[in-house]
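Which chain is which? They are A, B, C and D, in the order written, and residues in each are numbered from 1.
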Amino acid sequence: MSNARLKIVKRAVHEIKDGMNVNLGIGIPTLIANEIPSDYNVLLQSESGLLGIGPYPLEGEEDPDLINAGKETVTAIPGASFFDSAEAFAMIRGGHLDLTILGGMEVSEKGDLANWMIPGKKANGMGGAMDLVSGAKRVVVVMEHVNKKGEPKVKKECSLPLTGKEVVSRLITDLAVFDFSSEGMILKEIAEEVTIDELKKKTEANFSISPDLKTF
Amino acid sequence: MTKGKIMTSIDEAIHDITDGATIIVGGFGLVGIPELLIQGLRNKGVKNLTLVSNTCGVDDWGVGLLISNRQVKKVIASYAGENKTAEELFFNGEMEIELSPQGTLIERIRAGGAGIPAFYTATGVGTLVAKGKEHKEFDGKTYILERGITGDFAFVKAWKADPLGNLVFRKTARNFNPLAAMAGKITIAEVEEIVEIGELDPDQIHTPSIYVQRIVLGDSSLKRIERRKVRQV
Amino acid sequence: MSNARLKIVKRAVHEIKDGMNVNLGIGIPTLIANEIPSDYNVLLQSESGLLGIGPYPLEGEEDPDLINAGKETVTAIPGASFFDSAEAFAMIRGGHLDLTILGGMEVSEKGDLANWMIPGKKANGMGGAMDLVSGAKRVVVVMEHVNKKGEPKVKKECSLPLTGKEVVSRLITDLAVFDFSSEGMILKEIAEEVTIDELKKKTEANFSISPDLKTF
Amino acid sequence: MTKGKIMTSIDEAIHDITDGATIIVGGFGLVGIPELLIQGLRNKGVKNLTLVSNTCGVDDWGVGLLISNRQVKKVIASYAGENKTAEELFFNGEMEIELSPQGTLIERIRAGGAGIPAFYTATGVGTLVAKGKEHKEFDGKTYILERGITGDFAFVKAWKADPLGNLVFRKTARNFNPLAAMAGKITIAEVEEIVEIGELDPDQIHTPSIYVQRIVLGDSSLKRIERRKVRQV
C-alpha cells in the first residue's frame, strides 16, 4: 500500500464505531476492514447478499459460492446471514446501513460524488454505488487528494458523470478531512505535514475552515 | 422419484426458446450463474436475445458466452466492466447496454414478478440514470419512477430442488436467483441436487415451487472463481 | 351442507385441473378442497403464507402456528412451503396463481364482484380479496343464486361496494354457470331441474345463452 | 451468553414508547403476534397510538387489547371483522380505521422498510380503495399509487433469535413479521428461544440482524387459537 493510501485507511477506520452495520466499497475501502479494532462488533455488509463478511479464506478453503461485492472469495463470521439481492438492497435503500465508505474519482464542493464512469473510455457500470450513496445513513468517500498528474480531484463541479448529487457526508483524502452540509464544504482535519496554503493549491473546490481544525 | 417438473436434459429445458426472447439470468459475477443453461443456449444459437443480468459476465464465461457469440441484442445490467467483448459491441453499436443501478435493477425484477408495474426510488436522482424518467416528490424528497421487468424465461441456479420446483440456494450464490425466478413467465432452474418431495424443510425453502416451471440437474457445473483471494496463516 | 351449496361445490371442483396452484376463499370455496380428486397434484395457497394446505389436523395435533386464511388450524402436505406475507401476495398480485375461487355477495353482468362490505353494518375489511381478484390468472365466483329473501344476487350493477371491477371470469351458482367477456355475460350451463324462464326471473342481469348450452 | 441486543424485560424493551407513536405489529389474526409486547404496552397505558396491523385482533386479545383499552387513535389494517369494540369505536368516530387490501398493506410495509416511498398496483382499481389516489396507465392497464409505511417502532414475534438479532420464524407465524421488522425505526422482537451466536444456519435466517434493535425472551406466550378445526379419523 502506498503511503497516501495507508494514511487514508488509518484515518477512515475511525469512522467505524462499535455496533455499526457498514458497507465498504471496492478498492481502498475494502482495505479498511483489516484495521477495525478486534473487540468491535461490526457487521460488514456486501451487495452479494451477506451481512457479516469475514477475512479472506485460507488457501484451499475458498468457497466458489461465497464472495464479496468485488467478487473476491471471502468467509462469513459467526452470526452472519445470507440473503437475496432484493433484501441486500432493501437494507441499503431503506437506510438500514449506519455507514458506507466508498472510493471516489471526483467530489464536488456540494458533496456530489463521481466514481463510476469515464465517458467513452469504458462501459463499466455503477453496480451498487448509486444505491449506496442514496440509501446509507452516512456516506464517507475516501480517495487520494490529487490524480496521477497532480490535478485536483476535489472540484467546484464534478466533470465526470455523477454517482449521486449532494450525497457525501465526509471526504477523507491523504491530505484532509472535509464535511459537507447546506453551508458548504468545511475543512475539519488537515494532514500534519501539510499547510493550508498547500492544501488550497491542490483543491479546486472552495471550502471554509472549521474553528476547531485538527491535524491527523 | 416423481418426475414432477424435472427435465431430462438441458436441451429439453430450453427447447422452446426462440430468437428475440427476453431472458432474466441469475448470478452475481460468476457466482450462482446457471452455467449449463447458458452453454445450452449458446449451442442452440438463438439470436436477438434481450438479457437481464446483474453483470455481462466475462468474455468467455457466464452470459459473456452469449454476448461473444453475437446472440444478444440488448443487455439490461448494473455492471459491464469485466467483459471486453461487451464493451466493444456496445461502442460499435452492435449491442445495446441499458445500465440500471444494481439495487434498482433487482427491485425492478422483483416488482415484475410481484405484479408491480412501477415504483419510486431515490437511487440515481441527479445522475444519468434519471434522464427521461418521471420525477416526483414525496415528503420533500425527490424520487424517480422505475419500471418492473418480466422475462419470457428466467434462468436460475439453485443448490437443491424437489420435483415440485421448491428451491434452496447456497450462500452468496442466492443473489439475483430467487427474484429472477419470480419474474420469468417460464422459469428454468439448474440445480446441483434433486431431493425427494418432503425432504426440504418447508420453513427453509427460498423459492416456493409456484415460481418454477422446469428443473434440470446440473451437477457438472464448474463454479469458476472470478477473484481468488486468500489470507496467510 | 345445503343442497344448493353442495351443487355449487360439486360443479366448482371441475374448475380445478391437475397441476394447478389455487387459492380458495373463505366459506363455500374452502369446502371445495375436499372434492379435489386425490390423484391430482394441486397446491392450495393461503394468504397466511403457505403453499400446499393439507386437511384439518387430527384432534390433539392442532398447531397454533399453522393456519389458513380463515384462521382455521390446518396441516401442510409434503412439498409445501411457508413464506412471509409479502411473498404470499407477490404470488397473488404477480399472476402466479392459476385460479382463485371466491364467494360473492353480488356479481354484475359486467363481471364486477362485491363480496367484502355491507355499508353501515360492519367494519369488516377486504382482507386479501381485492388482491386475489386483480391478480389471479382466473377468478371464479361461487354463490347461491338468490339471497335469503329470494332476491337476485346476479345484477345489472352491484349495489354493494365493489371488490373488483370486471374481474370475474366465471360465476357458478346453484342454478347456472356464466362466463364474462367483453361481449357480456353468457349462460354456459344451467342446472338440470331449472328452466331458462325460471332462471331469467331469478336473475336481474342480462345474459345471452351459449349456443352449446349444457346442463349440470 | 453475549448480551447483544437482549433486553431483560418487556418493560425495558418498550420503555421509550410514548403517546402518539406509530407501531407496526406482526401477526395474522392471532397467529404470530407479539403478545407479551402488546400486553406490556397495554399495561404502560400510552395513548393516541397509530397501529399498522393485518387485523384488529379480537376484543380481548392481540392488538384488540390496546383498542379496547382506548389507547388507539387509528388503525391501518386489512380486516377488522373479528373485533366488535373496534367496530363500535369506528362507528362512534372514536377511532379511525384505514382499510388497505392485505397485499397492498404488506407491500406498503415492505416498501417503507426498503426505502420505496410509493408503488403502483392494480389491486383496488375501481373500488372505494382507489378513491383520491393517483391513477396511471402502464401498458394499457390502470393502476393506483400506494404509499410506503414506516413505524416509529415495530413489534415482531419470532421463533428463534441470536443475540445479534437474527430471527427465524415458524410456519404461518412468519406472516407480516419479517416485513414489519424492516419497517420499524426501532424493531423489537419477542422470541420463543434465544440461541448462541453462530447456532443459526446463515442460509436459513429469515430476518437478518440489521433490522432488529431489541430482543426480549417471550417464552410464556399463550398462542391462542382463533378457529380450532379438526378432522375425524
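Here is the rule we use: a contact is a pair of C-beta atoms (placed from the backbone, for glycine too) under 8 Å apart; a residue touches a chain by one contact, two chains touch by 3 or more.
Which protein is which chain? UniProt says A, C = Probable succinyl-CoA:3-ketoacid coenzyme A transferase subunit B; B, D = Succinyl-CoA--3-ketoacid-CoA transferase.
Only a predicted model underlies this, so the values are computations on that prediction, with no experimental measurement involved.
> Taking CA centroids for every chain, report which one is farthest away from chain D.
It is A whose centre lies farthest from that of chain D.
> From the mean C-alpha coordinate of chain A to that of chain D, what's the distance rounded to whole Å?
Measuring from centre to centre gives 35 Å for this pair.
> Provide the C-alpha centroid distance between chain A and chain C, rounded to the nearest whole angstrom.
Chain centroid spacing, chain A to chain C, equals 55 Å.
> From the C-alpha centre of chain A to that of chain B, how far is it in Å?
28
> Would you pick out the residues of chain A that each touch at least 2 other chains?
Touching at least two other chains: 76, 82-83, 86, 89, 92-93, 135.
> Specify, in ascending order, the residues of chain D that touch 2 or more different other chains.
Residue numbers touching two or more other chains: 107, 110, 114-116, 121-122, 169-171, 174, 202-203.
> Would you please name all pairs of chains that touch?
A-B, A-D, B-C, B-D, C-D
> In the complex formed with chain D, which residues of chain A make contact?
21, 41, 43, 45, 51-52, 76, 78-83, 86-87, 89-97, 135
> In their complex, what parts of chain B are in touch with chain A?
Result: residues 28-32, 54-55, 77-81, 86-87, 90-91, 97, 99, 101-104, 106-107, 109-110, 121-129, 169-179, 206, 223-231, 233 of chain B touch chain A.
> Would you pull the chain A residues touching chain B in the complex into a rising list?
So the residues of chain A in touch with chain B come to 46-50, 55-59, 61-67, 70-74, 76, 82-86, 88-89, 92-93, 112, 117, 122-131, 134-135, 161-166.
> Hey, which residues of chain B end up touching chain C in the complex?
Residues 4, 110, 112-116, 162, 164, 166, 182, 197-198, 200, 202-203, 205, 208-211 of chain B touch chain C in their complex.
> Using the touch definition up top, name the residues of chain B that touch chain D in the complex.
Residues of chain B touching chain D: 107, 111, 114-122, 136, 138-139, 141, 143, 147, 168-171, 174, 202-204.
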